[in-house]
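Take a look at the structure set out below.
Should a chain be cited, it is by its letter among A, B, C, D, E, F and G, assigned in written order, with residues numbered from 1 in that chain.
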Amino acid sequence: MSANQNIGLLTNRSKVVSVKKMTFMERIYFPAIIKGFGITFSHLFKKKVTIQYPEVKRPIAEIYRGKHVLKRDDEGRERCTACGLCALACPAEAITMVAAERKPDEMHLYREEKYASVYEINNLRCIFCGLCEEACPKEAIFLTNTIVPSNYERSDFIYGKDVLVEPVDHRVDVSKRQTPEVLNFKKDKNQSHNI
Amino acid sequence: MPQYTQVAPPEGYSAPGFFATTLDQVVGLARKNSIWPLPFATSCCGIEFMATMGANYDLGRFGSERLSFSPRQADLLMVMGTIAKKMGPILHQIYEQMAEPRWVIAVGACASSGGIFDTYSVLQGIDKVVPVDVYVPGCPPRPEQIIDGFMKIQELVGNEPLRRRYSPEYRSLLEKYGIK
Amino acid sequence: MSDTIQNMQIIPLEYYIFFCSALFAIGVVGVLVKRNALVIFMSIELMLNSANLLLAAFSAYRNDPAGQIFVFFIMVVAAAEVAIGLALLVMIYRSTHTIDINVLNKLKW
Amino acid sequence: MMFSKYLFFILSFIAIYAALKVLISKSPMHSVLYLTLAFFAIAGHYILLNAQFLAVVHIIVYAGAIMVLFIYTVMLLNLNIQGEFPKTKLVNIASIIAGGLLMLTLIAVFKSYDMEVLTNPNYNQIGLVKTLGKVLFKDYFLPFELSSVLFLAAMVGAVMLGKKDIY
Amino acid sequence: MDGNYIIYKFVLASVILLISLVVAMYATLLERKIAGFFQDRLGPNRAGIYGIFQPLADGLKLFFKEEFMPGSADKFLYILGPSLTMMIALLTSAVIPWGDSLIFNGVEYSLQVADINVGVLYVFAILSIGVYGIMIGGWASNNKYALIGAVRAASQMISYELAMSMAIIAIVMMSGTLSLSEIVNQQHGFNWNIWYQPLGFVLFIVCAFAECNRAPFDLPECETELIGGYHTEYSSMKLGFYLFAEYINMFISSAMIATLYFGGYNFPFMDDLGLSHNALTIIGFFVFFLKISFFGFVFMWVRWTLPRFRYDQLMRLGWKNLLPLALVNVIITGFFIMLKHHS
Amino acid sequence: MDNNSMIDSLRGKYTTELFSIDESSDILTITVNKSCIKELVRWLKDEIGFGFLTDLCGIHIPGQTLELGVVYHLHNLPENKRIRIKTFTTKDNPKMSSITEIFSSANWMERETFDFYGIKFVGHPNLIRILNVEYLDYFPMRKEYPLEDATRSDKDDRFFGR
Amino acid sequence: MEQHFEREHILVQPEDKNQHFSTLNLGPTHPATHGIFQNVLKMNGETIIDAEQTIGYIHRAFEKIAERRPFYQITTLTDRLNYCSSPINNIGWHLTVEKLLGIKTSKRIDYMRIIVMELARITDHLICNSVIGVDSGALTGFIYLFQEREKVYEIYEEICGARLTTNLGRIGGFERDFTPNVIRKIKDFIDNLHKTLHEFENLLMRNRIFMDRTINVGGISADRALNYGFTGPNLRAAGVDYDVRVMNPYSSYNDFDFTIPIGTNGDTYDRFCVRQEELWQSIKLVKNALDNLPEGNFHEDVPEFYLPPKEEVYSKMEALIWHFKIVMGEVDVPVGEVYHAVEGGNGELGFYLVSDGGRTPFRLHFRRPGFIYYQAYPEMIRGSVLSDAILTMSSMNVIAGELDA
């Protein structure tokens, strides 16, 4: 104890901030109370900030990490090559996939020789940290700024490829999530990645 | 002022000066607009729940700003955050203390399934202890998602027949969780 | 209202006497029978009240306000007594953890 | 009209029933509440006697203050656990007989007195505030002031007694 | 006592009861709406336009909720508690003069259910027994939080009753009567008691807050400390009674404030309008309700602005500040009355 | 007091108990025999001015003879110096003297260490599990125990080589 | 488990055995405990004689998980430590790893980190102080302040895409750069926060009801506070101006001048005022950092730990290999041990990291300030009443995630 007692001030930057002595006006309650009344009353006529959620939606940042999407390339082939990096990077172990060899007649479906025949994300486990997106070397998985709806059963949250893969005719725009360099790079059609 | 949908009157027989509907629907309508939640907030999701109660999202619009911390008075148990194995029995007890009809909503990954905490000390989803009606994903979920889950509950509440709580199916469901 | 007053005369004073005596007797029995100091206190209150009522009745029948004034004084005494008595009771309870008067006979010596 | 007579009997019945219940009840809380009920019945009697002021004051003082104090004590000491302390049957019977005898004696004493003198047919409004106030502050001024001193003393005493000295 | 008289009183009593109930019901909605507006949010708006069916929904829900009885509770008292609270809350409305009299066919119908000559004392009597419901309920629940809530309620209400009665005594001294209707009639026009008793008014309103268990004196049920205080163990309609009684109390307290200090149904320049007695009565009735609504709003305003007291501070305020002030107020009033008599 | 004089005075006071002094790490780190830990901490606090127990935690290093260790971080606030003290004990009879008398803050930290590693702090007023359930029959932070909950039902282990 | 030690209760036995006390169970789901912990109060009437705490109700085994996860995945854990100010934990962890790896970050990264951390401190203190208001019965101030918190959430959302558990830091910098939108939003927020803060202060700070409630409530002396390992606002309220940002400056905090607010006797009002003043200081810090934000890259050039840019991964083999190596955690980490502390929302948030060169930390211990100082709670509330206990609890700002880890 002895060492602590004379500790004094450690720096010269400190400032005592709490004033505990009350002035007479503070002692008689009313000035502060009336001030408080004024503040709350002024809010009575203020514009309400409430967003009526289901009807009005608050703008969500474009890079918000919400529901996942499995991208297709320009020709509509699935980009995922089932390398498993996303599953490995997932701290929640929410991603499950089964890799399969592409058959010759599936050239138009899958981009690479390997593809994920099963790709499931357990959205109840998922913590939407975005590490899978970061880990993906094939520009295949992205998070979007749509929210995952709630549901009644646990099994409803295991999103398979039917939900995750973007529809061919309804492409999900993820360009806002990508760096300008990547977008610039994607214009270069000489690269094998971009064909 | 943005347009918002109001609750439609219950379907029923209506004529001038005369309006008939089944009791179930009226009670369901009343119940769903007066859900008093019991916020069982343990961690991060609890903060997002505060945001939901706050001015920007205002759960009070649904008639739910009266939080009842006493389980007797609550209609909806909102479990938000990690439930450790040490907490499990307490959650179970709270559920037992609630008066019928009661609903449970598991908010967030931890409450729903354990989330990233797949560890020896964390309960892998509160549905191991109490029956859950609606799960809300996210870690933590956005207030929008919580409201979304809340509206799912409202849907459930509105359509629930009065008899359900006395039905043998419901009893057996409770028995599965060891509730008398 | 005034007709009620007239009708009141139907009740003879004896009725009040019987009634008050009964109440008083119940109070006395309570003091004798009970061992819970709190209930004994209440019985005393009951006795005081029966006296009060009788005083009020006499005053009304004799048309003399003094009786009712006495009731006020009795109330004052009763209130004071209760205040002190309950404080004592709480004290006793604190030190002995009981309000059973039979346990409290330590005071004898 | 027999109306007030019935009222008298009903009130008397309630009062005596409640008073008996005070003794019979096991839990002190019930005793207190029954006593409160008895006091309400007595207040009814006061109104019957046209002593409205007295009735209201009775309710304020007894029901509003004294009985609340009792309940407060019961709650404070959490007495319900203690329940009843049994006494021997003999003592009980003896006390009841004693009480009954006392009642009989009282009635007998009053009976011997000639009641007719007391019954004054010219009934007027002595129970009103004005009459009482005048009497209280003219004839009984000194006792009134003294009683306030008594009250003060009681208050101080109660506070002194109730003071905790744990710390 | 003719039949007409009884019917009229009965109808009046029922109407006033009904009004009290409806007002209290909508006070709950208003409270939530106003709380919302104070806090930059909207408050309930899903149940009907602006949420007008919210109280109905709450009521119906509570009604159909499971009746719950704690295993170790005292059954009878457990039920008695909320019922008593509700009943006592409604009792006061009988003596409040809701308006002047209406004259039909030469018969005068007063808008006061019972003009008791000790009206003010009657209000006190009711107030003083108002604590029973809470105490009984809190005690019967056999829950520590409920018990603490009940103990707090009891001591708080008893303490503030004193200062409150002292504040009213000043009014009674001024007006020389205990009858509420006479007190109101003496404040004809703009001759309101508030001009003579500003201190008394402040004392009274503070005590009224305490008596209603409203913030900043909501210690018996404060949510963050005692969860629900005395009603922690209550569910369904019994809880509804408790919550409802609070709003009825608020309504009645506002009415008492308006009656005692703000001239009840009197309003300025009422004699200059040249209206008939009946018209004045009806306008007065609405004016009275306007005043009540204002004070109801003040009740809510305070609740959503101020932090609450601590138990011992509340006691200190009641006994050490308000009571002496009330005594001073009585003495000053007496002094002025004496001056007036001598001059 | 700089590191060198600190080391000198340490060497002067403790000869046999002091196992090693490591200056290469971010903080001056000393490893001592567990027998002197309480005395050392008291000395550091009272004489040298390390009046603040920043942290106390356990560590399990399998393969050593003394497997279980406790790491103390002390802070000399006026001089703004930190020191790390390590001490080790065997796994079979993990006992350590408690420093709760010196630092009240050590109370829960020692309980936590006990909870995680099973190190018994002799002289601790209330050495029971703090974070885990009381009926847990092992010390979960020891390396040999698994992390995962066996009851998890929604996991497919095929892809997680953990 | 062998039980050869007596279980002794910390509860002080009353001197007089006849004294009769009741117990009150505060928690685990009491509204005032916010997070989850249990206090069994031993009461005499409303006066608290003693308290026994039980914690661990949301124990999630952070330290055990950390031993099984590669370095970059631990960010998700740290976010959930003190979730009211998760970026501080996040960046604190990265600073620790950088210390171990010997990475020196540029001024821009430092300043960006300061901005993010001070915003986090603002959110943390906003919630703590407004919750003191709620627990003392003034809900309205809470809702006003929460609107400001929402604005910080919006900023985080723009920075990284999440509101609360941000996961924004990376070893060597940030995941993304600040967009102009972010800078604008931060400016907006900082310029407008003072209005709401003033409003809130007017509602409570000099209101006698609130002052009476908080002054001399739950006080602790500087000496005892140090002995109990207090840090952060709670220690400063007791009058010791210990602040990691000043004593052991990290992330270029020494470039900025700010005062350390201190209190006098460590009571609830002191804690409230200290936090309130720290809000003002944080506003100043963010403003300064934003004004002086240098140009440059948002992450350091650490190819072994920072993922290579995506366009290179898509096109170059070498980058792809590094990408795989980093994600799979097969990069060699130096053997060693470091302790690094940052000034978290509640005080010194320390990370003690022992590395054996593997892909995961060998041992990672979090010095959670809340865990350490919460044990002083019984001593602080002894002799006060229930209401005081609740205000003391909320003013200590014990966050369950941090408490139980």
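One rule holds for everything that comes next: a contact is a pair of C-beta atoms (placed from the backbone, for glycine too) under 8 Å apart; a residue touches a chain by one contact, two chains touch by 3 or more.
Since the model is a prediction, treat every value here as computed from it, not as a measurement.
Separation of chain B from chain F in touch steps, taking the shortest path, is 1. Look at the CA centroids: the one farthest from the centroid of chain E belongs to F. For the pairs D-E and F-G, the count of C-beta pairs in contact is higher at F-G. Computed centre separation for the pair chain B/chain C is 55 angstrom, with centres defined by C-alpha atoms. Centroids of chain E and chain G (each the mean of its C-alpha atoms) stand 46 Å apart.
Annotation: 71 Å between the Cα-based centres of chain C and chain F. In whole angstrom, the spacing between the mean C-alpha positions of chain A and chain B is 25.
With touch defined as above, residues shared between interfaces to two or more other chains in chain G number as follows: 22, 30-31, 56, 59, 61, 64-65, 76-77, 140, 143-144, 147, 165, 203, 207, 209, 226-227, 240, 242, 247, 404. Across the assembly, chain C contributes 3, 94 as residues in contact with two or more other chains. Touching of two or more other chains is recorded for residues 57, 65, 69, 74, 76, 78, 164 of chain D.
On chain B, the positions that touch chain F within their shared complex are 85-86, 113-114, 118-122, 124, 128. Contacts from chain A toward chain G in the complex involve residues 1, 4-5, 7, 9-11, 13-20, 22, 26-29, 32-33, 35-36, 39-40, 43, 49, 60-61, 63-65, 85, 88-89, 91-92, 127-131, 134-135, 137-139, 143, 145, 177-179, 181-182, 184-186, 191-194. On the side of chain G, the complex with chain B involves touching residues 28-31, 34-36, 56-61, 64-65, 76-77, 80, 83-84, 86, 127, 143-144, 146-147, 149-150, 153, 163-165, 400-401, 404.
Touching chain E in their complex are the following residues of chain D: 27, 29-30, 33, 36, 52-53, 56-57, 59-60, 63-65, 68-69, 71-72, 74-76, 78, 128-129. The residues of chain B lying in touch with chain E in their complex are 4, 6-7, 26-27, 29-31, 33-34, 54-55, 58, 60-63, 65-70, 72-73, 75, 99-101, 162, 165.
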